[in-house]
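Common to both upcoming complexes is subunit A, partnered first by subunit B, then by subunit C.
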Partner chain A sequence: MTRRPFLGWFVSPAGLVALGLAAALAAVFQYSLRAYIPGSLDVGGFTLGNFADLLKPIYGSAFLQTVALCFETAVITLLLGYPLAYALVRTRNKALKSVILIIAVTPLFLGEVVRTYSWMIVLGNNGFINSVLMGLGLIQKPVQFMFTSFGVVVALVHVTLPVMVIMLAAALSHIDRDYEKAAESLGAGPIRAFLTVTLPLSMPGIIAGVTTAFAWTFSAFATPQLIGGGRVNTISTLVYQLGFASFNFPFAATLSVAGLALTLVVLALLKRVMRPLEKLGEH
Partner chain B sequence: MRQPLPQRLLGISGKLLIAAILGFIILPAVVVTIAAFNSKAILTFPPSAYSFRWFERAVSYGDFKKGFQAGLTVTLWASTIALVVGAAFAFAINRYQFKFKRALEGLLLSPLIVPHFTIGLGLLMLAAQTGLPRGYPLIVFCHVVLVLPFVMRCAYISLQNLDTRLELAAASLGASPLKILLTVTLPLLVPGLVSGWLFAAILSFNEFTASLFVTTQATQTLPVAMYNYVREYADPTLAALSVIYIVVTAVLLSLANAYLGLGKVLNVEQGR
Partner chain C sequence: MPAGSPVIEDAPRRAAVQLDGVTKKFGGSVALHEAWLKIPSGEFMTLLGPSGCGKTTLLNLVAGFLDTDGGEIFIDGTLVTETPAHKREIGIVFQNYALFPHMDVAKNIGYGLRMRGVPKAEIARRVEQALALVKLTGYADRRPRQLSGGQQQRVALARALVIRPKVLLLDEPFSALDKNLRGSMQVELKEIQRELGVTTIFVTHDQGEALSMSDRIAVMSAGRIRQIATPDEIYRRPADRFVASFVGDVNVLKARLGSRQSSEAVATVGGIPVIVPAGPLNDVASGAAIDLFVRPEHIQLAPAGEAGTLRGTVSTHIFQGGHVDVYVEAPALSRDRILVRLPGVDAITRWPVGGQVGLRFGTTDLTAFPVEGDPA
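Up next is the complex of A and B:
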């Protein structure tokens, strides 16, 4: 057996954190199976009734709306993130590289509230875009961006773009450029070389980026809450309302469990669908 | 050598596309900056007069001051604990085989997938069930859980880039494992660990959704105080605070890039 100095010291703190996290997740599962006592913070006995309530149309439509929002956001983020990651990795200009990196990464660290508030000023009826369009005489009355799923998607794309760029750039930077040069020396144009060599080789980054964008959008709360303004219901906003407006923690837990299950299923499906594409990159 | 026309067009449209995407990313920051200097309480574009009054209000507003202090306390504890726990665990993953390695790693990385509201809700329920108070220890633990995946990633990347021959050289010269760890391995990991700590600190200071669940009126962090403000008032105070946020974050990241090499830390530098 190999020597493993300090193994216990290195692993046990992480083990304690993992234990606490597991206990918190277990608490959510436990609550999801408890009966709700209206007007009380205590919970009743075990029941499957909460899961039966999930079948009500309002929750079904919230699930559909959330998944649609996540898909739209993930796809648009990928389409915007790929060119940016490509430019970041391939530009030879050091200063330009730093500028792209800082601009692309800074929003990641601003937090959801600052970014959402900024988008409220951009998209509002008296906001920046409507003021500019009306000032130019292009529109007569403000276009409604706030309280629409379009406005929510725009702000969410802004939230997920940095992490998409980081994941794509990590994948792109590890591709050997000789493959592309080989393709071009064999007569492929730059577009063909990109489509047949670079794109398939960057597939692991695309899968990681899309997966993370999906999960982060699912997790977003301030954006759908403030920009959606109650008219765009997602799982996160419903969980919050159930918990803190009606103190129905058991059903909030049930929605969380169902949301988590849905996330895992969608992510597994995404991986499944995209894996054959990844194979294209293996030579 | 001049490139053929189609390729030049491709190059130009590519540059325009990149400029447009960068513009999309910067747009809210620019707009919020203009709004912050607007002197009226109601936002209009372009503002009819400019002033600093919202900056004054942002730094003197009681809830923001308290939120800043509470947030800073939580952030310093959480990012430091996460750094120690995450770096040690990344080292164990990089070097050793042990029982439940994959399971433990998977569980600790799960906050990247598990929604923040689920983790916040879970900790809130755990506190309710066990009778633990909803005080700072609970918030700090929550933040440790959320930032740990990022610290682990930073530490792991530095460990992978570390030249283990230096450790072997020290060992062959008779250094004990502890001495090698403290005098060879740890110093070589410093840039990665510092940036891991910085990432953890910035993420923790800005964390909102889970904090909303685990904080109380007395312990609310700055993002929670900001969220409560935007639901009550419509004046540009929050715009001024956002500008301060954006400037501080951009300066910190530029420093990190200059001294630590952000590209290397994020693993996005050209491999070959």
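Up next is the complex of A and C:
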């Protein structure tokens, strides 16, 4: 085995960060098992009561709504991101490449709050979309986008699009153009060539993109909080309300732990469902 | 036949592929300049040239992967200039084979048949036949990555042939194989091609491959077809300097044009007269300097000073197994050392390094071109 004298130094910063994260998680886990003392920031003794409270309908529906939101966001991001990534990889037009890159990547550079406020301006009852539609006489009164899960999904797609495009582009750029040429020479039209060759071969990128979009959306806070306006309850917004409006730290911690567990379960399920698809695209 | 001019030969059979003045530009540069080509059915036609000569562009135009900027393409007598690739009924073997990595061998070979809606039972039967043709019976369930380079190439060939294409295109198919395998695959491919009688366009930069496999060769350079002829004619009667130097080894010697008859001319090299084709020398005045092109196997060595020989000094031997390459310095004849190819091994002892020798040129198969520049 070769000696790697600097390896220890290289990984130690990451190790420190991981240690801090583990300590924080341990603290959250510890809080989740404590009793809540109303009106006090202190916590009581150990109890499993918080986890029993999770079974209340409001939390069950918040879990379902969060998962649904994540699925919708991931699927829509995939459908919007795939053509962009494909064009980005395949076009020889440098200007078009730059435009796609700018469209795809700028959301990463905007802060979450700035981006979310921009969407509020666009989606609001007197916002850009409604003003244009009413100005054109297409609608009589504003369409409600704000405080709906549709509005939240739109804003979340904007966040997840960059990472989706980057992951899909990475996968697509590894697919030799000759595969498509071979398919076409064998009698497949462009669409059939895409469906039978390019799409299956890009499956690893699709899986990576969908999984990441799902995980990101699950933990998103400012977007569902501001655009949902309290009417779209996700795990994150509930944790915030419990922790910083009701000061019920123990139950906020319980919800966080449950959310984390749910994310891991859903991602494991996703992986299981998609494994046969991934085999399809094996190189 | 003047080089670079449109070359249309009367084919005994109907042309399987015909290019009428096909031009392709990329940006401002011309990748293919008015290519005229007529490939009779069943012929093995090779496009030979260095990289960037336009041979791959020509192949992609025939395949339908590129649009022409002028001229027309016919396949089997039908105009296909505007026909998309998937409707041209063409089989292609790519340089890297491009086997679909997510399909097994049988699925790869059956792909074209599935696209044509051939019934399942017939697909299975024809895939089996194709596997037998390329000697891969029993490999139907393997994935491409489980196969060796040679096996992958056979699958690629089977996949291209199973659709019974009107023309088979081969894009440098041997370049990824090691030397020993390359030789045996060449023989095998040629056998299969002859057996099926499929019209084939083969792209290569390897002149050895071109000479050994082709019925005819189109030598290309800088976007132009320089000569279309049989391998023998390309080698013995190159149309211009480029063809003469690109195909096979050749010595370029200083010579002078003497008298000229209708098709032949007399040139003198070091005072010794030789006969060359007059065609390439039409614009050269009698007595002017010309370049004489001599293949290494058309020079013999004799004791120095023997009548009818020119003097030189042996500088190096290179033992090549079946023959010996002897390099001779003769500054009066050529700036470069002259390569002489002698059969057997005794040449090494017979013509020692540093010794004086006499060079004797054959009387046939010499060609001469004007000094400098291209006649095209």
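One rule holds for everything that comes next: the second predicted complex is superposed on the first by the 281 of 283 C-alpha atoms of A that agree within 3 Å, B and C clash if a C-alpha of one lies under 4 Å from a C-alpha of the other, contacts with A are read in each partner's own complex, and residues count from 1 in each chain.
Note that contacts are C-beta pairs under 8 Å (C-beta built on N, C-alpha and C of every residue); 3 or more make two chains touch, one makes a residue touch a chain.
The model shown is predicted, which means the values in this text are computed figures rather than measured ones.
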| item | value |
| --- | --- |
| First (subunit B), second (subunit C), both or neither touched by A:Leu186 | second |
| Touched partner set for A:Asp176, first subunit B, second subunit C, both or neither | both |
| Which superposed partner A:Val197 touches (first subunit B, second subunit C, both, neither) | second |
| Partner touching more residues of subunit A, whether subunit B or subunit C | B |
| Overlap of subunit C and subunit B interfaces on subunit A (superposed complexes) | 176, 190 |
| Complex contact set, residues of subunit A against subunit B | 3-7, 9-11, 13-15, 17-18, 20-28, 30-31, 41, 80, 83-85, 87-89, 97-98, 100-107, 109-115, 117-122, 124, 126-128, 131-132, 135, 158, 161, 166, 169-170, 172-177, 190-191, 211-212, 215, 218-222, 226, 235-236, 239-240, 243, 249, 252-253, 256, 259-260, 263-264, 267 |
| Partner subunit A, residues of subunit C touching it in the complex | 63-65, 84-92, 94, 96, 98-102, 111-112, 115-116, 145, 159-160, 163, 169 |
| Of all residues in subunit A, those that touch subunit C in their complex | 176, 178-179, 181-190, 192-193, 196-197, 200-201, 280-283 |
| Sites on subunit B touched by subunit A in the complex | 7, 10, 14, 17-18, 21-22, 24-29, 31-32, 34-35, 42-46, 84-86, 88-89, 91-92, 95-96, 98, 104, 107-108, 110-119, 121-126, 128-129, 141, 144-145, 148, 177-178, 181, 199, 202-203, 205-209, 212-213, 223, 226-227, 230-231, 238-239, 241-242, 245-246, 249-250, 252-254, 257, 262-263, 266-272 |
